[in-house]
Structures are given as C-alpha cells and as structure tokens.
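Quick heads-up: structures coming right below.
What follows is subunit A paired twice: with subunit B in the first complex and subunit C in the second.
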Partner chain A sequence: MTRYNKDFEELMALQFAIVELNLFLDTHPDDEQALRDYNRLVEQFEMAKKAYTEKYGPLVNFGYGKSKHPWQWVNEPWPWDR
Partner chain B sequence: MYQPSGDWPMLAIAIVPYQQYGKTFPIDEALYKGTLFPDLYRPYKPEKGGYHD
Partner chain C sequence: MFLYQKTLQFPVKVETTNPALAALILEQLGGADGEMAAGMRYLTQRYYMPLPEARALLTDIGTEELSHWEIIATIVWKLVEHATDEQIKNSPYAQHFANHGRNPFPHNAAGVPFTAAFFNAKTDPIADLHENMAAEQKARATYEHLIRMSNDRGVNQTLSFLREREVVHFQRFGEMLDKVQDYIYSKHRRRDDNLDYHRIRQEHDRYGMR
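Then we have the complex of A and B:
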C-alpha cells in the first residue's frame, strides 16, 4: 500500500485517528483520557499539515496555507500523488 | 408487507454495551485496520466462520 508518499500517509493516519476520537467523544464527552489523546493528535496534525504544505504545496485550494510562485494548486501530479 | 402474527417471529431487542476507553492501535495501524479501537476490530474473514462453514 504505497500509492501515497509517507508524509501524506502520516496525515491520513492522523486524520483518521482524530475522526475516531471525535466519534468516541460524541458519545463520551466527559472522557478525559480520550480528550487528552484527541488534543495531542490535533496538535500533531496541525504541525504535520504545516510541514507538508511547506514541502509539497497546498492540500486544499484556498484559505489554509500559502503558495509559492507560481500558483501551486493547479500543479500536476497532486501533492499526495508525488 | 409481511406482518408478524402470534408468538413468532418476535421483535428483536438490541443490546449495545457502552464502550470504555482503553487501548488504541498505533495510528498508522488504525488507518489500515479501519478502527482506532482494538475492542471494535472485527476483521472479516470469509474463509473462517463465514457462510461456507
């Protein structure tokens, strides 16, 4: 399973774990351990997205990261395919 | 539409235990297992215990 590069795969893993904790917390809003893990992973996710964007270009088309010149969004292949 | 009559079939009663927060998979493993929680991990293995058994 290496359709994606390692850096992108790390983002996917973080995002997936965060959604899992999101769903758990929806039904267990008082669980402190789960909330701690959620917040820790969100912090890691923010850092990983920033590093990824700086290295490969934007992950979404606008509003969440700067672009180098020339405008990077329309590059092919997509950042996650590289 | 089929309407149950008499004692059979009976209505089902669903019982779902409340999940407790415990161990979690390493996140790279969770991504490919489809769950973060070992308690919810039920890999589908048709060769064992499936329809053809």
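Then we have the complex of A and C:
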C-alpha cells in the first residue's frame, strides 16, 4: 500500500539518529563517545545518500546532488505521496 | 539558509481514511502548542542567545520543528486524501472543508486560525528558555490527548514519535537553561564572545545579581 522502501527507510533512520546526536552534542560538546557516534553515523549517512542519489536522483534541492537526464528531482514520489 | 530534503523525519503510514481524526490532528499544525508555533518560537529566539551553543540548539530544534510540521501536514493530508464527499459531510472535517477543501490549512482543532499571538519571545534568554520548556510539555500533553482519541495504529506510531521528541527537547532546553544561567551569573565570560553587555547588565540589575 505505501511506497516506502528499504533504501528510503534506512536513510531516514540514519538521519534521525544524527539529529538526536546533534541536539545532544549542542548541550554536551565535550562528550567524546557521542561525538564518535555522530561522526561514524555521518560517514554511513554520506554513503547511503550517495547510493540513493545515484539510484533515484537528488535527495536535497539547490545543488546537493547531481541528476541524470531528464531532471530527476521532479520524478520520485514526494514524501507525502509515499 | 534552508534546504529541502525529500524525506520525512519519521514515516507517515496511515491505516484508513478518517476525516474526523484529521480535524483533531490539525491542532498540532496550527494550534497554540503546535509545530508551527514551536518552529517560529525557536527560530526567532536564536538571534540573541548569549552562548553560541544556545544559538545552535535553537537553530537545530527550530529546524526539527519545521520537519514535525510537515509530518503533521502529511498525516492530515493522508487521512482526507481519498475521503468521499459523504465521509467528509458526516465528519467534523466538514467545517474545514467548507473553506479549505483538502488543504491542510493551519488552524487548531476548534477552527481558530494560526496566529503568532499563540507564542511569545522576550529577548530575555531566561524567560525564553522557560517558555520553551513549558511549550514542550504542553505539546507532549496535546499528543497524549490525540493518541487517546485515535484508533489508527499507523497514525499513533507517528504521534508517539512526535510525543517523544517533545520530551527530548524539554530535556535539552533544561540543560541549556542551566548553562545560560551559569554563564550570565558568572564573572568568567569568554573574551571572544560578542555580548550585548547592556542587556546582560539590565538582566543582572533586574535579578539583583553580582
């Protein structure tokens, strides 16, 4: 029924973990363990974003991902259509 | 600058069409303790926070609130997207539909349109951070009311996630309040900080500190 898929949900999960650690680091800037986790997840997120963009087109507007021809930004289902 | 990432922060998987539930969930789209009020509250407060980490926190939570606003809009949309005229006519969503149709227009569950009068900001970091902590608790309470009134498991999963985020934000704001209070009332300010000493002095006068 929904148009969520594994690639997409994995990306969302990584993004959420990063948001959570980001807020935590804002009030705990000296926490080395949290910073290690943050950097490790950012690396994973970078890879996942690259793979997703290669397969489905840009994930972020305004120059944060290349598109194949024809312009892929307009193609994929929008989040509210999934 | 804001960029758009073509995801939601949390999945929205609605089980069934339910315009009556959509009418209730509008509370968190355009209500007093809703996500739009939260985003505007934090993003306007960040300019004058005395610590750079407080500016970071308000920017980050303010941004997350905008992501929550679009989650709520998506829930409302999905609950009415496929509703028949008959389903809408027999639900409290009919009042919304008369003006806005299926547009997830930001008003509260009682139909009062969103207004900036729903929230406040003072240029006073202590007052503002207390306001934020209260707002997060009020939003948590609203999510609990909504979860109690909803039988849609998909919707409730998303609402539970949003409820939890209110608790986390409350925690972070409390930690930041401690830091800002320590900073304002301590004699050891960082030399390179761009401080509004006039304002800090006024605060100290008001609180009778130092």
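Heads up, the rule we're going with is that the second predicted complex is superposed on the first by the 73 of 82 C-alpha atoms of A that agree within 3 Å, B and C clash if a C-alpha of one lies under 4 Å from a C-alpha of the other, contacts with A are read in each partner's own complex, and residues count from 1 in each chain.
Methods note: a contact is a pair of C-beta atoms (placed from the backbone, for glycine too) under 8 Å apart; a residue touches a chain by one contact, two chains touch by 3 or more.
Here the structure is a predicted model, which is why all the values come from computation and not from measurement.
K.L.:
Touching A:Tyr64, do we find subunit B (first), subunit C (second), both, or neither?
P.N.:
second
K.L.:
Looking at the overlay, does A:Lys55 come into contact with subunit B only (first), subunit C only (second), both, or neither?
P.N.:
neither
K.L.:
Examine A:Glu9 and indicate which partner it touches, taking first as subunit B and second as subunit C; both and neither are also allowed.
P.N.:
Touch partners of A:Glu9: subunit B and subunit C.
K.L.:
Name the contact category of A:Arg40: first (subunit B only), second (subunit C only), both, or neither.
P.N.:
Neither: A:Arg40 stays clear of subunit B and subunit C.
K.L.:
Between subunit B (first) and subunit C (second), which does A:Ala17 come into contact with in this model arrangement: first, second, both, or neither?
P.N.:
first
K.L.:
Tell me the contact category for A:Asp31 with respect to subunit B and subunit C: first, second, both or neither.
P.N.:
Only subunit B; A:Asp31 stays clear of subunit C.
K.L.:
On subunit A, which partner's contacts cover more residues, subunit B's or subunit C's?
P.N.:
Looking at subunit B versus subunit C, the one contacting more residues of subunit A is C.
K.L.:
Looking at A:Trp78 after the superposition, I want to know if it touches subunit B, subunit C, both of them or none. Which is it: first, second, both, neither?
P.N.:
second
K.L.:
For subunit A, which residues belong to both interfaces, subunit B and subunit C?
P.N.:
On subunit A, the residues that contact subunit B in one structure and subunit C in the other are 9, 12, 16, 20, 24, 27-28.
K.L.:
In their complex, what parts of subunit A are in touch with subunit B?
P.N.:
For this pair, the touching residues of subunit A are 1, 9-10, 12-14, 16-17, 20-21, 24, 27-28, 31, 33-34, 37, 41.
K.L.:
Which bits of subunit B are touching subunit A when the two form their complex?
P.N.:
Checking each residue of subunit B against subunit A gives 19, 21, 24, 27-28, 30-32, 35-37.
K.L.:
If we count contacts the way the header does, which residues on subunit C are in touch with subunit A in the complex?
P.N.:
The contact residues of subunit C facing subunit A are 3-13, 53, 56-57, 60-61, 64, 70, 73-74, 77-78, 168-169, 172, 175-176, 179.
K.L.:
Considering the complex alone, what residue numbers of subunit A touch subunit C?
P.N.:
Touching subunit C from subunit A are residues 2, 4, 8-9, 11-12, 15-16, 19-20, 22-24, 26-29, 58-62, 64, 76, 78-80, 82.
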